Structure formats: C-alpha cells, structure tokens
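Labels run A, B, C and D following the written order; every chain starts at residue 1.
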Amino acid sequence: MDPRFTRTSSQADLYAPLRPGTDIAFIGGLINYALENNLYFRDYVVNYTNAAFLVDEGYSFHDGLFDGYDPQTKKYDGKSWKYAMGLDEKPLKDPTLTHPRTVFRLLKKHYSRYTVEKVCAITGTSKEVYLEVAKAYCATGRPDKSGTIMYAMGATQHTVGSQNVRSYAILQLLLGNIGVPGGGVNALRGESNVQGSTDMGLLFDQAPGYMALPPAAPEYANLKGYLDKETPKAGFWTNKPKFFVSFLKAMYGEAATPGNQFGYAYLPKRDPKKNYSYISLFEDMYDGQIRGAFFFGQNSAISGPNSNKENSALDKLEWVVISDLWETETAAFWKRPGAKPAEIATEVFLLPAAASFEKEGSITNSGRWIQWRWKAVNPPGEARSDLWILHNLHRRIRARYAASHATKDQPLLNLSWQYGLGEEPDIEAIAREISGYDTRTGQQLTTFLNLADDGTTVGGNWILGGMYPPEGNKAKSRNTADKGGIGSYLGWAFAWPANRRILYNRSSADLHGKPWSNDKKVIWWDPVAGDPLKNEHGKWVGLDVPDFKPTVSPSDAGGSNPFIMRPEGVAGLFSKLNEGPFPEHYEPFESPTANSLSTVNLNPVVKIFKSPMNERGDAEKFPIVVTTFRLSEHMQGGGMTRNLPWLAELMPELFVEISPTLAKARGIIPGQDVVVASARGEVKAKALVTNRWKPLMINGKEVEQIGLPWHFGFMGIATGDVANKLTPHVGDGNTLIPEYKAFLCNIRGVK
Amino acid sequence: MAAVKSTAVATKPKAIYVDTSKCTGCRGCEVACKQWNSLPADPQPFAGSYQTKRDFAPNTYTFVRMNEVATSDGEVRWLFRKSQCMHCTDAACVEVCPKNAIHHTDYGTVYRDADKCIGCGYCVNNCTFGITKLDEVAHKATKCNFCLDRVEAGLEPACAKTCSTGAIQFGDREQMLKLAHQRLAALKPGFPEARIYGEQELGGTGFIYLLTDRPEKFGLPENPVVPWTVKIWQHVVRPAGEVMLGGTVLALLAAALLGAGKTGKVDKAARTGSGTGSNEGGATDAKS
Amino acid sequence: MEISRRDFFKYSGATLAALMAADLGFDTTPAKAQANELKIKFARATPSICPYCSVGCGILVHARDGKVINTEGDSDHPINHGSLCSKGAAVFEVAHNPRRLTRPLYRAPGGDRWEEKDWDWVLDRIATNVKKTRDAGFIESEKGLPVNRAENIACLGGAALDNEECYLLYKEMRSLGIVYLEHQARV
Amino acid sequence: MPKAKAATVYETRPRVVDSMAPNGMEIIRFDGWARAAHWAHVLSFFALLVTGLAIFGPQGDTIARVFGGIQATRLIHRAAAVTFMALSIVLLLISAANNRFRNIFQGLKNLLAFDKDDLAFLNEFPKKFFGLEARVPEQGKFNGGQKINSILVVFGSIVLAATGLVLWNPKAFPIYLVRLAYPLHDGAMFIMFALVLGHMYLSLVHPITRKALGAMWHGRMSGEYAEHYHAKWYRAAVEKTALEKTDTAKSGKTTSV
C-alpha cells in the first residue's frame, strides 16, 4: 500500500493506493476486519497479549479524545490508562474476553468505527481493492501462516508517525505474526548505520542502549533516584542498574566510584521543560541560542524540513564544523543561491572524511546485525576517518582544559579515553569497551547478564554485550551456515541482543513449548536437554538463540510470557503513547479535508511552533496533497550519489510526478518546468506526467496528489531545487519526527 | 568477402535469463555493467520519465527500458526490460563484419574482438535490434560482450551477479530455458500474454526473456529477422560477385592463351573488323 | 605501355590467388575469443558493507597497489548473495572521484571562498572555538542541582558513522555537556 | 610525332591528320578533355577499388598497411570518392561547354543507340575473342561491346557514388536505405571490377585491340585500324576531312589535328 505506484508496486500482486497521512485509517480498517471476521489468532492473542487484561474504569474515548486531555497544555494525564488491579495488586483478567472492559473488547469497540466504507472515504482506496487487501493479509492469522509488515519513512514521517507503527504492531499481534519467521514489523531504515547510531544513543534524551539520559529534575538528583524512577518492577529492564552503572564506568573509568555515584553528576542534565530534538534544535539555532555546531556526515540543508528556515538558522552560527566526503549543501550554505556570503559571519570548517572501505569499524543494519568492515585502501589525500577526527579533536580540547580545576570542567577531565597514545585510536579497544569487560580482570564479558551495578564491570552499550567475548570480535565472523533454513545465519556477524535474530521468538511456541506450526517453528522446549549438573531439567532449543530465559519451562512461572522486556511479559495491544493507548486517525497538519471519524482534526498532542517561517497552508490556496519520496538511485541528502557520474546520469535532476488530469487542468506538458509552492516556499522542477498517479475520492471530493523526490540540491553533478523548502516544521506527537510525507501545495507551469 | 563465416559452434552454450516479472527497474545492472567495463557516464537531460537513457551509446552497453502501459480495466502496468545486445545465433553483425571481428564464442555468445574491429559500422547499421553503436573516436563498434572475461574465469556476468531480485540469471542454456518454462507455466494464468522470447528467435539468442506481455510492449519486434538486405548482400551479391570476378579472370586467361596464335597485325582477312570488348569487357570510351 | 603477356599473367595470377584465398573464407587468424585478462586476477579482495541503506549488503572491494580497481557484491554474504542495487554497484566511484574532499577547508567569516588548511591548524582552531563557546554558555547547576550542560553547542550526525565512531562521538559530546545531540534517526 | 595542337574537333566527325603513320593517315578519336577525364577516372577508380578492397575483407589488411593503416585507407577511400565524383561533374561540364552542350546529348544518344550491327557484334565477338571464326559486322565509332561497357560504367559509378554517400553518414538516412546501400555498393563494385579487368585486358594485352591504346594516350588512331574495326566511323571521318581540305585551300590555313 503506497500513495505512489512505485517500481516495487509494479511487481506487486496487489497494489492499494491511499492518501498520504491516512495509514491509521487503512490499518484500523484491517484490525476491524480481522476482529469482525474472527481471523485473529485467538490462542496467541489471549495468552501472549494483554487482550484479557481489564482496563481501569477511568479509561474512556469519545469523539476523537481519550480521557484526561488538557487543551491548555495539549497533553493527556494518562492517569487511567492502566490495568484494573485486583486485591492482590495483580491485573484483573478475563481470558474469555467477554468482560466489556477487557483490552480486547475496548479494542474491538474502538476499531468498530473503522468500517470499510468510512476507511475508503478517508484513504481514497477503492472498496474492491481494499477488501482484497484485507482478505489477503488477514489470512496470515492462521498458525501455519505468517505475514510481515515492512515500512519506511512513509509510515513514520507524520504527526501520527509513532501511532502508525503502533497500528502495525496491533495488527501483527492480532494475527500472531510477532516472533515467528516471516513475521514482524520491519523498518527499512535509510542509512548504513542508522540502527547503530540510534543504539549508541545519539539523540538528545538518550544514553547508549535505549536508556534515558537523566533530566534536571529533583527525582533525578542522584543515581539512586534515577534508578528507582527508571527501573520497572518486572521484566528484563529490572537489570537496568547493571547496565547504567556499567555505562557510567565506561564514561568515567577510574573516576567513577561508588563514592561519587559512578560520576552520575558529570552527566549533562537536560531541562525537562525544553525539547532539544531536531526541529527545536534548528528553531533555537534560528533564535541565536546555539553558537557552534558539528555536522558529522549529515546534510541537513537538504534532508531537514523547512530548509529555507534551517539554512537561515545556519547563517546565525558563530562557527560550524562539517565532516563529510563531499562539499555538501550544508557545508556550502553560505554560498547557497540567494545567500550573501559577506553578510554571513559563520566560521566554517569542512573536514575531509574517509569512506566506508577506507577505514575499519562495525555497522549495524536494520536486522540488528553488527557487521565488521575491513579497510581496503587509504583515504584520498589527507582525508581521515571520523574516528581519527573525534580522537584528535578530543585530545586537543582536553589539553586546553588540562590546567583547569573548575568543577564545570571535571566531566571532561574525568572522561575515560583509553584508546592509545598515537594519532590513530585503537579501534579494537573501543569495540571491547563497548561490549564490556570486568574491571578487575580486564576479561571481556561473554554476555550482558554478567554486567554488574557495583562498578566492577565496564559496558559502553549493554545491548552489544557479548559482541566481543574473550575469543574475539564476533562482528567479524563470516560463517554462512543457516541451520533450519529460516535465514537466522547465527554464525554470520553478531546480532544484538545476545545474537538473537528474531526477537520475542518464544511466542513461536504454544503454552506447552511446542511450535504453533512446523512451518513457523523457531524455538521449542526440549525437556531432555539441559545440563543435569546445573540441575537443568529441560531447555529451550531451536533455530535461533532463544529470546527467553533458557531454562524456564513453559509451565514454570512466567514460562509463557514471551515479551520479556515488558513488565507484564505479554504484548501491549493496549499500550500508552502520548496520544493514547490505541492509535486513532487524525488528519495531517495540512489536510485537504476535515476528519470524518471525529471532530478532532489534528493530533491533539502535537507541538505547533508559533515562530517565523512556519506558516500553515490551507486547502483553498493549496488544494493538492503532496508527499516526498526517495529514489533507489539516490541516497538521502544526495552527497553520496549526486556526486557519482553513474548515478547522476540515471536521475539527473529534480522532477515532480503529477497525474494526467492535473497536468491537463494546469496546462502542463510532460518535461516542462513547473513550480510547486507550499505555504513555506517554492520549488522549480521538471514535470513527469504519468498515469501511475490518479486523483482520489476523499470524503466525496476528488483530490489530486503529487510526489516529489527530495534528494536534490545545488551542489554535485545532478542538481535541482531543494524539495524540503516546502515541508513544515511540525513533528510527531512522541518523537517530533517531521511530517514530510503529507502536506499541501499548489502547482503551476512555467512558460 | 568470405562467403562462409567462421562461426564457432557453441560447445558450452550459456544464456542469461531475464524474468521481466521480477525486475523492479532498480538499474543495478546498468551501473554494474559500467563498473566492470570501466565505461564513463554519458549524461542525458531529464526526458519526462525515469528512463533517462533513450538509446545505447558507445559507453552504454545496457539500459532498462521502462514502459508505462494502460491495461483494459483502466489500471496501469509498468513494464521494465533490461535491454542489451541479444547475442543472436543468426547474427546479422557476424555475417556483415568484413574483418571477422565479431564471431560466436564457445558459449554461443557474440564477441566483438576490439583488436580486429576497424569501426566500419557495418554491424551498427545492420543489427536486427539496432543495438551496436560506433565509438567514432576509437573507431570501434561497442556492445555488450556477455562479460566474456568473467564467464571464462568461471564468474557470472556483472549484470547477472548484481541483480538483487533474481530477475537476471546466468547459466547453461538449457538450465535457463528450464527455469524460464517453469516460470512461464506459473505466470500464464495471471498473464495470458506471457511468453518466452529468445528461445527460437534468430536461431536462439544468448539473452532469453520471460515477457509478461506482448513483445512490442517491451520494445521488442514480434518476430525479429536478420534484415533481408543482409541476406541478399552476403549470400547473393557477394558470392555472385566473386564467381563473376573469378569467371572474368579465367575468361581473359583462356582468351589470351587461345588468341596467342594471332599475329600482332591487323587481321586483313576479317576486313569487316572484329571490334573489341567482350560481352562484359569494353574498349576505352571517354565519357561523352 | 606495352605489357607483355607474361607480365599480365604474373599480375593477374597474383591477384587471382589473393582473391581465391579470400573467396573460400580461410580466415587465417584464430577465431577463439581472446578475452582480455581478468582484471581482478591479482587483486586483494577486502570485504566491506555497503555505505548506503541499512539492509547491510556485503561488498568486495578489489584493490591492487593501494588503488581500488573493482567493487562488486560479496557472494558469500547471506543478505545479498553478491547482488547490489544501483547505489551499491556504484561504490567504485566513491573511491575514484575528483569531487572527494582531500584537504581540510576553512571559510573565514564573511569570506567568499574556501582556504586550504592543514589538520593541526583546523583542529587547534576548532578546539579554541569549542572552549570559548562552552565556557561562555556552560550551566554548571540549576536550583542547587548539578546539571553540567552547554546549550549553545549542537552536534548532528552521523548515521553513516561506524558504531565505534558513534560511541566516541557520544562520549566526547556528552563530556562537553552537549544536550543538543541529534542525528538522522530523528528525520 | 609532331605535337598536335588541339583543334576544335567535332567529336562525331573526326578529322584526318597528315602524319607519318604507316598508311600515312590517323584519325582523332578522343580530344584532350576526354582523355584527361579518362585517366583521371582511372586513377581515382583504382584508388577507390584498392582502398575499398582493404576494407572488404580480412585479407585487406595487407593492402591497408600500404596506405598506412586501415583508418588512413578509409580516409583515402573517402578522398578518392570525392575526387571521383568531383571529376565526373567538372569534366562533364567542361567537355559540354567545349562542345557547346549540343554534343553531350548527341554523344549520349550515340552511346545508347543500339542498332542491329551492335547486336550482331555482341554475339559474334565472343567467338572471335576465343580465336574462333566469327563474322563481325561493320561498327561505328563505338562497337556494341564498348557501348555496353560505357553504360555499365556510367550506371555503376552513379550507384557507387550514391550508395557510398549513404554509407558515409548512415545517420542521415533511413535505416532500410542504409541497409540497402550495402549490397548495391558491393554489387556495383563487383561489376565495375570485372569490367575493368576485361577492359584492361583488351586495351593492354589483346594482340589486336591493344593497338588502339594510343587513341586514349595521344588521341589519334591509325586510319588502317579505324577503317578495319570502325569502318562506318572511318568513312565518316574521311569524307569530313576531304570537305575541310577544299575549304582550307581557299583560306590558306593548314589543317591540324
């Protein structure tokens, strides 16, 4: 399903067009279809999800809003989004799923509003095609079938992005498609190591391993406060103290002692009231708050939303350091079309970086495989790896503070940096530190389970624990055997956590530990296996590393709780996000129509920036829906592809895909120059008139749609206008990921 | 000149099987071909569609044709076909090449030998599919040579190796045909017009296509033949010309020997004049 | 211009012989294909992973005398079994590309062009700027609680950096107190 | 032999010249322009033929080496083609201007006018050619064989030139025309080649006809040969000269070739 008929769609058995920004309606309809037609996998849903849990009486949903919404703060209090507890302080359950306040009933009631007619009116998909999709996909609810949902930024880059993905999770849980081969909710992420960079916590509120960076708030004043607040009472995350202390030991080494809470105070504490995410960062840069900036291999001038504003923000900087392989638009913002270099006082440093095969190191793909990259040749000229740049920059900055005894400089001076004395840092030492070792013996740990919270272990990133055991860096292993033929390839590289290839694979077996079906087996309970010396009477075995405590039998306590990371051990059909426990369809920030499911048009918790250059377009002036997309021949901001002749010749310049009816209406002929305008900017492109695009009937009105690739910019061989001049500075309710994929524009031919 | 071309009979016939029902037009094959053969890019302006290449060029041996085709029920189908030299058995280029620079290999493919090619362009103008191009600078005809160096080293051709959807496969010819027929049987219900192209055409081509629709929808002629002018040229005009030439020379030799007895003087007896010129020969005559 | 009969025989005989030889198609040169030498025959193949999307396809980089001479898919790799899309197949042009940056560049405030600098100069200058800016905007504590943050420096990137590089970046930037730490995962 | 100053001679009515020829008489067969045209064509034709053969087949490479490589050979082929075509046009114009155009059509008419003598010649001469007895009728200035030869040469040259131009830049012509040009060009080449071989044999080797070579060298043919092999033409020439002798006697000019 895709607003565009893409090259992948050309080989699909079934293609369903939908209006950008209506994924929740589309998937909500499938959820309803699966429930109405009893196609869900009942045993899986009852035992492995919180369907049978009863919800607190306070929960309610009416006309697009859940309970506890405060219009002033635009936030929910979420007080009653929790299970109803019995006298034994345990959640009340009704496995028969008949009680009206079971999660199952509430889910069924919530999505009963997503009838096929209503959904097709919102998404614009034809009923016949929609029913074919519903029938085909919901058929995977049988035990011996599985279906996978693959998605990319088309699902996430919306004001309801997080809930989009949540709706995939709910559908997959109802159909029993989580934890089984050929199942899952799989992101096709766009950068070679975006998974690794996210794992390493390069986000404002993160510490490596998906642990929160403490904010500046009383309850986080000290380490104990942080651990009490952040460590759940049940589930695997109860080990967080071991992971967090080991992280602090990795940060501050010798200077991290039980006495000073392992250097907890040294960690920067962000202002809880402030949001430092991508859009706010550029808003604050535009306001002059940010004086200096680093860009490591990121071309924000092209890939960031509302690029006119973001470029103007760059002008305000005192200094900026860019490390990249090419002179990108971000590096050349001071000479961008229309800029006056003389009036831009920014000091710009452009550092030549090494390419992937000109340096050593590991990267993590979307499947969590950490693979090693060997160095084939030296970088050209004086280019250096980012490792070299970071290492040598740190040593110089630290040298400047060497004489200081000020407390504000202690975080820097106490940072542990044991990567050799030479210019080239010892990358194996870094990998060992990340994976974790025992400070007493210097011995590499074999698993993150051996991490301790008493300062005796170092673990830079607990989820990579066990990647570098004593015998060597498992990221380098290249055994191509695939036991069982489900593509787990346990001997190839290392997957976090603990080399598990399919997460929550315990749910591929039933309550007795027997696979639901032979076709879909991953792990199963073998009562005979196990080491009698350790009085193990049975073990989980199979084609993948069990994502479960190996010796806990199905009948033991918690033996049938596959979702080990969640306190209740079962999956969350009902699960709290900022906009509520169930995904609800809301219209995008700029929409051609009102929300026909409720009177709430825009996601109620979305942050609206009331700052300059953030105008909001309306359907009168901008009647056409537009989505941005990527090409297989170009990559992100285009630096790595628009400078390559072989790729520049395949996609030489910016074009816009429009339907023949729209072309006729605007008098546009194929190949002609056109201007696409939104409330925030204008972009010139070539017209690609194609009948792969058709207007859709939305709530009874015909709406035209167009598509714009966003790789192009004024540098490189293949150049073109920056499509992101059009996109808004508005983001998702939870992650603030910008809404690139659905906004409004108008189009006119250029004579 | 040679009436009979020295065509090596394919002892180890290979083929590349292109399944258009799997190709997603990612054009990895275009780039891999340029990478292996070190061919520079030849940029063309945006031409109103994803397919920026309109035709082959001296440094473009292959490109993916992308045709948007409207179907009867108002939907649209996007047909992709990787196009390149077809490596025909009944190859016009092999027949017309005056320097024997293009010939069949043991694998049944058509190989253009750069050393012997003089860039005369005979193959360029007579190729059944109009694929071969002329590099006027290097005076060489250019076309896909089936990655012969890779194939001989036991490797797959670059395009077959890089194809991520498995649309392009390389192997022994009858194995590839077997795959094609299996796939055709599977596709026939959904695609009535599906067919195999290249099994029989032109005596069988090195590239075998599994087309999901009629050939012209993919930019291929329904039944390709070597141009009749090539046949006339190579199998009528040339042999006849050589025979005539040989005949003339023999006739002159015979006349010289038989006529040796005549004295140099004007033959008084035949006062009525014997004239000159054979039926083909002729005395000098100025253009009037 | 008398040409004796004998001369005539000599000349025409010679041309006849040549014609006859050509006639019968005795192609004197061998027809076997002399494919040129396999260019990667003596090269060292280094396994790497494609720098583009996050599927993580394996690429073999063939190099000889320190220069990349060929890049193609890694047939042993379980994800792509040797195949590569159009971007992966073009990695060779990342190695050989005159547009690659090879020297540190510096643009002075208000300037209209790049100046080439050496590493020592740029790293020193950046370190000076970092210290000046950090010291100017550092917030050591708030309401009596240590916060140790610098809100006037931001760091963006890098989803294309290795894990080890991301780890050093994290340690380096957090130790300076940076909270504006973001990258492509958010966009 | 005194150097004959070219007189304005009506091609079709040759003049008789006093000379020391054996029977004391010669007839002007071809004037200067005609001879110049012929020999120029011989040169460019042979250049075309030989360089063409260099391309024609694998064995041509040895020829190509003589011209400094195949590409030089192809260049020479093109240069010769240009001269060949240019010559034809230029000389056609000049000889036309010389003979005030009237003569051209007359010449062509003679060339193409086939009478019974020509046909008789065509089936008699081959026998004679191979030494058998044959009754060959009286012939005009050009016998049947020569007429056939001329036709084929003219027509062949035109086809070669036209198809050669097409082959020279194929992009400018529709593809089927280009593909047709190949067999035509080769076919015309074969015909012209055979013609030339025969023609050279008769004019250089054949014991009798080689005597007429002089006609294309210095332009004059012995009266005896003309009378014998071109009787009709010979008689016409003699009558014409007799008339002119009486005129010059009156005006006191000596007749000259």
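The criterion applied here is as follows: a residue touches a chain if its C-beta (ideal position, glycine included) is under 8 Å from a C-beta of that chain, and two chains touch if they have at least 3 such contacts.
These numbers come from a predicted model, not from an experiment.
**Student:** Which chain has its C-alpha centroid farthest away from the centroid of chain A?
**Tutor:** If we average the C-alpha coordinates per chain, D ends up farthest from chain A.
**Student:** Could you name the chain whose Cα mean is nearest to the mean of all protein Cα atoms here?
**Tutor:** C
**Student:** Would you mind pulling out the distance in Å between where the CA atoms of chain A average out and where those of chain B do?
**Tutor:** For chain A versus chain B, the centre distance works out to 52 Å.
**Student:** Using CA atom averages as chain centres, what separation in Å is found between chain A and chain D?
**Tutor:** Spacing between the chain centres: roughly 89 Å.
**Student:** Taking the mean of the CA coordinates per chain, how far is chain A from chain C in Å?
**Tutor:** Distance between chain centres: 28 Å.
**Student:** Any idea how many Å lie between the Cα centroids of chain C and chain D?
**Tutor:** Here chain C and chain D have centroids separated by 69 Å.
**Student:** Of all the residues in chain B, which ones touch at least 2 other chains?
**Tutor:** In chain B, residues 1-2, 26-27, 30-31, 35, 100, 116, 242, 245, 249, 252, 256 touch at least two other chains, as defined above.
**Student:** Which residues does chain A have that touch at least 2 chains other than itself?
**Tutor:** Each of 632-633, 645-647, 650, 717 in chain A touches at least two other chains.
**Student:** Which parts of chain D, given as residue numbers and ranges, touch two or more other chains?
**Tutor:** 57-59, 197, 201, 205, 213
**Student:** So in the complex, which bits of chain C are touching chain B?
**Tutor:** Against chain B, the touching part of chain C is residues 5, 8-9, 12, 15-16, 19-20, 22-27, 29, 31-39, 41, 70-73, 75, 80, 82-86, 88-90, 92.
**Student:** If we count contacts the way the header does, which residues on chain B are in touch with chain A in the complex?
**Tutor:** 21-27, 30-31, 34-35, 40-50, 52-53, 68, 70, 76-80, 165
**Student:** Quick check on the complex: what are the chain B residues that touch chain D?
**Tutor:** Contacts found on chain B: 1-2, 96, 98-100, 116, 118-122, 124-126, 130, 139, 227, 229-230, 232-233, 236-238, 240-242, 244-245, 248-249, 251-252, 254-256, 258-259, 261-264, 266-267, 270-288.
**Student:** Show which residues of chain B lie in contact with chain C when the two form their complex.
**Tutor:** 1-8, 26-28, 30-32, 35-36, 100, 103, 105-106, 111, 113, 115-116, 145, 148-150, 152-153, 155-156, 158, 161-164, 242, 245-246, 249, 252-253, 256, 260
**Student:** Which stretch or stretches of chain D touch chain B in the complex?
**Tutor:** 11, 30, 34-35, 37-38, 41, 55-61, 70-71, 74, 88, 91-92, 95, 103-104, 106-108, 110-111, 121-122, 125-126, 128-131, 134-139, 142-150, 152-154, 170, 175-176, 178-180, 182-183, 186-187, 189-191, 193-195, 197-199, 201-203, 205-209, 211-213, 215-216, 224-225, 228-231
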